[in-house]
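All remarks here apply to the structure that follows.
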Amino acid sequence: MSTIPHPDFSAERFARSPEARFEPAPADGVLPEGFFTTTNLPTYVRVGGRWRMPREPRMDGALVLSADGELWVREGRRVRQGEQVAMGQAEDGTEGIYVHASWMASGAEGEFKFMTSEVSREKPVDYARMARLLVEERERGGYPVWVTGPALVHSRARADMTWFVSNGFVGGLLAGNAVAVHDIEASIFGTTLGMSGAGEATTGGHGLHMRAINRVRAAGSIAKAVEQGVVRDGIMHACVLHRVPFVLTGSIRDDGPLPEVVTDNLAAQEAMRSHTKKATLVVMIATALHAIATGNMLPSFVTEADGSLRELTTICVDSSEFVVNKLKDRGTHQAFGVVTNAQDFLHILRLYVERELASRGKAGG
Amino acid sequence: MSTIPHPDFSAERFARSPEARFEPAPADGVLPEGFFTTTNLPTYVRVGGRWRMPREPRMDGALVLSADGELWVREGRRVRQGEQVAMGQAEDGTEGIYVHASWMASGAEGEFKFMTSEVSREKPVDYARMARLLVEERERGGYPVWVTGPALVHSRARADMTWFVSNGFVGGLLAGNAVAVHDIEASIFGTTLGMSGAGEATTGGHGLHMRAINRVRAAGSIAKAVEQGVVRDGIMHACVLHRVPFVLTGSIRDDGPLPEVVTDNLAAQEAMRSHTKKATLVVMIATALHAIATGNMLPSFVTEADGSLRELTTICVDSSEFVVNKLKDRGTHQAFGVVTNAQDFLHILRLYVERELASRGKAGG
Amino acid sequence: MSTIPHPDFSAERFARSPEARFEPAPADGVLPEGFFTTTNLPTYVRVGGRWRMPREPRMDGALVLSADGELWVREGRRVRQGEQVAMGQAEDGTEGIYVHASWMASGAEGEFKFMTSEVSREKPVDYARMARLLVEERERGGYPVWVTGPALVHSRARADMTWFVSNGFVGGLLAGNAVAVHDIEASIFGTTLGMSGAGEATTGGHGLHMRAINRVRAAGSIAKAVEQGVVRDGIMHACVLHRVPFVLTGSIRDDGPLPEVVTDNLAAQEAMRSHTKKATLVVMIATALHAIATGNMLPSFVTEADGSLRELTTICVDSSEFVVNKLKDRGTHQAFGVVTNAQDFLHILRLYVERELASRGKAGG
Amino acid sequence: MSTIPHPDFSAERFARSPEARFEPAPADGVLPEGFFTTTNLPTYVRVGGRWRMPREPRMDGALVLSADGELWVREGRRVRQGEQVAMGQAEDGTEGIYVHASWMASGAEGEFKFMTSEVSREKPVDYARMARLLVEERERGGYPVWVTGPALVHSRARADMTWFVSNGFVGGLLAGNAVAVHDIEASIFGTTLGMSGAGEATTGGHGLHMRAINRVRAAGSIAKAVEQGVVRDGIMHACVLHRVPFVLTGSIRDDGPLPEVVTDNLAAQEAMRSHTKKATLVVMIATALHAIATGNMLPSFVTEADGSLRELTTICVDSSEFVVNKLKDRGTHQAFGVVTNAQDFLHILRLYVERELASRGKAGG
């Protein structure tokens, strides 16, 4: 149990601290505008030349000086009309109140704040900023690397992802066998893992991904299956059509696999690295394995042509905070987390990109 | 360990089962189109008049009859050109292959399927259907009850929720003190819990929700704060303006609380029930406490004016499967789960509702 | 919106239904012992020869017949002394009350119940049963396959896992490079990913797993590193010492890898399958990738020497419901889920196994 | 996009930096013991008097100086025998290699580390330390406040929690109606929410919690139900028997409620505060609502009799990281998170407490 030393009030910084200022509560349960709101940290109030600690400390209360000279922390609703309430916002003693925060661990960063966690579903998502970044990357010929998991295809974000591939926002696509399998099952049979677009498991559906794989294996490759009209739309189709390079890496979970899949993991890492070393922006969606694998290979920075450095923007989208925190825990500290559903993310991002393009007088394509 | 009885193949249903049909693989690692895909269940293949089980059973394989008459389950990539592969899709013996599923527990429902879980982030979200339901409810004068948690306000879905309130899609709003506090903090200070719209914790921000509460308490009520211009926009403002009734229930977490909050839980339940008993549609967003409380009071059905019954559509949106499953585990089996971020959900839902209205030639309002 | 047909009360099963029985409430807010508790399903009460539906239906209420002959659902606390309360437990009409459940989707299985979800952190864990299964498998010479993720080693379950390997409870171990890397880093440096046993990130710690890998690569193999005394304890050490076969499969996330790792995924699947085809029990801990990969290869049943079948017990432990539900959604319906922390799971399981052994008069080893 | 200024190598601290030291790789794919492991941060290597950046930067690699004088980051497995590999561990330039970390945001704290997140299921749980704290609190007559959710009772941790109450480790218990309802249902009927101890939903079980509540309401209070033998064991029984004060606060989800429940939230907060202001240790288990409500009222410190301060140890146990992070985001920064199942937590904690007592020669009671 760590002890907390009291502040040294003989220090020069406290020499000119004024007395705390008090005002009467205007009504029962109502505080004077400009009241001081408490934190849960050790708090010292300058009254009568002394630094005094209030009783019953808690956050979100007011400081009340009772008639008998005692100092209390009290919830606003319990304050009566006319009671003396401490005023001010400064927590550094310059208004007569000092909140002792410096002893705290880094989590709170030496100041009492709410919402300091880096990744949380409770934080807003800045789609406008992400859309601007994507459009700017396209304009200056950057190399955005997209890393995607199969949930993207499952959950019907497929059309939106195809749009991003077709419109020049994807420099290279890193994914696993499953992304291509689901995408191609959707193209041939209209299902993913036998689940209809409305999310229902279909009878006999469990074999459809195997039939899709078999047709591509019969064609010889994804590219040939596109050529032969076996695969007529979707993400892989767009990659082939628009010559967007992709790396499909294998895993022990794979069915098939599809012909292009790099089944050896060391060869797969080499193939991935040939893209990550050129990356000027990274978007990771709904994958722990591929996100962390890519994070392992990425520098946290981009070296510009003139030798200057900038942070490598790394967006990581997942339905739980866990994957983003894990990515950071494995050293990819620059990752910026978005906690949401992959389908919804892509849908809104596309809307914002289209809006950004319109505002610049650019066509969607 | 439960034993699994073999099927009784003397039963009449098997009497007319044909021999299984085999075709040669067209190339190494390629199966004949129309191959049978295996499951992990006990499987019996009719060969030479006998029902035989293949060796090395697993799912996603093919059935291969080797030259020496042995039956194997084999991954497609391991099948060589010319090997005999079982054909068909029927699993009930009518094509000579029987998959024994009836012994299984309910989870698999007597048939091998993928994606049978009821709630999963991997399932697509049918926004078009939800939009249609909302528009239809408005057209026929239904009473849609919305139940919302504070994440809705935090994450900037505030503008979209305000739109739904303002445009007649909300019959009654059930929420807690925090929803109104964050909404009003956003109206007065532009922050929620001191976090800016871009998700940054601001200095001094931890007190802003207390200052917002205090101003409303000084005004006397939310309605008066709207009248006096203290609160100028947002969800509560729209409720007051458009006379949409709301119930703000209290909890032990509450700061303040705001004047309209019903602090006694039994009185709060009465107030909620006055709405739930009229509900013709329920939308629950980003709240476990309020969703389960409302679920406790809801019938699973609506009684129409003519005495007929229909299921009460109950949509539950949360960023994890857990809340929806918990709601079902507490008896609200009719709940339909959407696993996503509240901000993104409302944004897309509004888009689809606007689209639905446009397709019907209706104005947004 | 699905309509719900009223039951056909002319059916024979309702012919002999008696009138519902009522008793007076003994005190305000207290129901007579034996009261009927309501559900949220359509409910019909036989009063005066007719089947009538109560007003304001909800679950967890009582049925009250008011003085004016109206039927209400009312919370117990709102019932006054002397009011007439419906009695009984039967929901099938045999006591004059019929709960209409058959129209419901499978989730509720035609009967109103709580806690019907298959996997939930709110369900108890039956360690005694799992311990018994493990001991029985060891006694009859079964082949339990363990599939483990790296969280197991991170979180100090390492000593317990080593105990299971050393004492004959592990037939074969399927894992990835990371499990062995963390285990060997712990043996050489006392850390995992540079994190101390107390969970603190250490300065310079980020390189320790690379140094551990390098020493094993220098030795030539894990087995040789054990022989040469480079690795002196832990899971891999126990596998080598007790000749427990292991398969380390590669992934695109791997550092190193260690010499024994099968880097090609198809070869890795073959190696895994050589164990899964012999499995008589499967324990999967803290891994999504390996659990689902193994599930893909597993039959749902074991064929005994005499040709009889039994369900293959498949235990899946993870800190969230998601992995277990995903495993089921990928077809491994027989999986039994345990939602807990890997470290705590192994610690308690070992305690129960030791207790089971003691009760049978067996030594721990 | 934030630019990253290169370090100022003219600064004095770099004046005495030596040249980086290189050693030949002893074999293909094996690095010399003592090699430098790279990070993903900008890295500068002093070669020939200049600070040079290597090509293809990534983490977990080695620095190789090729024959033609080029510097590369290369995975160990790609290094050939005899290639020159940079040596050392210092990242501050004192061994000729400088890792530029100071520009990074606080998340990484100016140094490249793994596992820096504060709360993670991947971190070990230090039960020995928690047990010691609990025993010490009991010895010196502290006031440990326990805050618990209903999952505790559901999942059979009930016996362990009863033990802690009975043996003097609980100063005061803060919980909701549900904890007491489940506990008393278990005492009377052997189920919780109608679920058996083995986790099965039982027929007719959905009404048992209502019957349990009704019996206690008939008795008049929990205390009287204990007296009258209606409730014969469990947590509430132990509280009554051992005179451990408890506060049961109400919520809008409550059935019943039980007689002791404080249904008004403001009165409930007062009741809770009468305990939190005395707290010398806080243990929160499996509850978001009650944990955050309690956190709101707690100071982050304890004032000792002599006026000195120490941090208030606040342990928060939940099955996901989310609750602990939310608690911190609401200002309870001192909270220490344990990510596990409530049942398993209590079971192991009790074992460690018993062990700690034994080591001190104390009886369990």
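Chains: A, B, C and D, in written order; residue numbering restarts at 1 for each.
The rule is short, and it goes like this: a residue touches a chain if its C-beta (ideal position, glycine included) is under 8 Å from a C-beta of that chain, and two chains touch if they have at least 3 such contacts.
Small disclaimer: the values here were computed from a predicted structure and weren't measured.
Asker: Can you list every chain that touches chain A and also touches chain D?
Answerer: The common neighbours are B, C.
Asker: With centres defined by CA atoms only, which chain is the most remote from chain D?
Answerer: Chain B.
Asker: Hey, how far is the Cα centre of chain B from the one of chain D, in Å?
Answerer: Spacing between the chain centres: roughly 30 Å.
Asker: Between chain B and chain C, tell me the centre distance in angstrom, where each centre is the average of that chain's C-alpha atoms.
Answerer: 22
Asker: Please tell me the distance, in whole Å, between the geometric centres of chain A and chain B computed from their C-alpha atoms.
Answerer: From the centre of chain A to the centre of chain B is 23 Å.
Asker: Got the chain C residues that touch at least 2 other chains?
Answerer: Residues 39, 59-60, 75, 77, 112-116, 121-122, 193, 206, 255, 257, 266, 269, 296, 329-331.
Asker: Can the chain contact pattern be summarised as a line, a ring, a star, a complete graph, or none of these (other)?
Answerer: Topology of the interface graph: complete, with all chain pairs in contact.
Asker: Would you mind writing out the residues of chain C in touch with chain B in their complex?
Answerer: Of all residues in chain C, those touching chain B are 1-6, 39-42, 53, 56-60, 75, 77, 104-109, 112-118, 120-122, 133, 266, 269, 273, 276-277, 296-301, 303, 308-311, 313, 321-322, 325-326, 328-334.
Asker: Can you name the residues of chain D that touch chain B in the complex?
Answerer: Its residues touching chain B are 193, 206, 249-255, 257, 263-266, 268-269, 272, 288-290, 292-293, 296, 329-331.
Asker: Quick one: in the complex, what on chain A touches chain B?
Answerer: Those in contact with chain B are residues 26-27, 29-31, 33, 35-37, 39, 59-60, 75-77, 89, 111-116, 121-126, 129, 151, 154-156, 193-195, 197-199, 201-207, 210-211, 213-215, 217-218, 255-257, 319-320, 339-341, 343-345, 347-348, 351.
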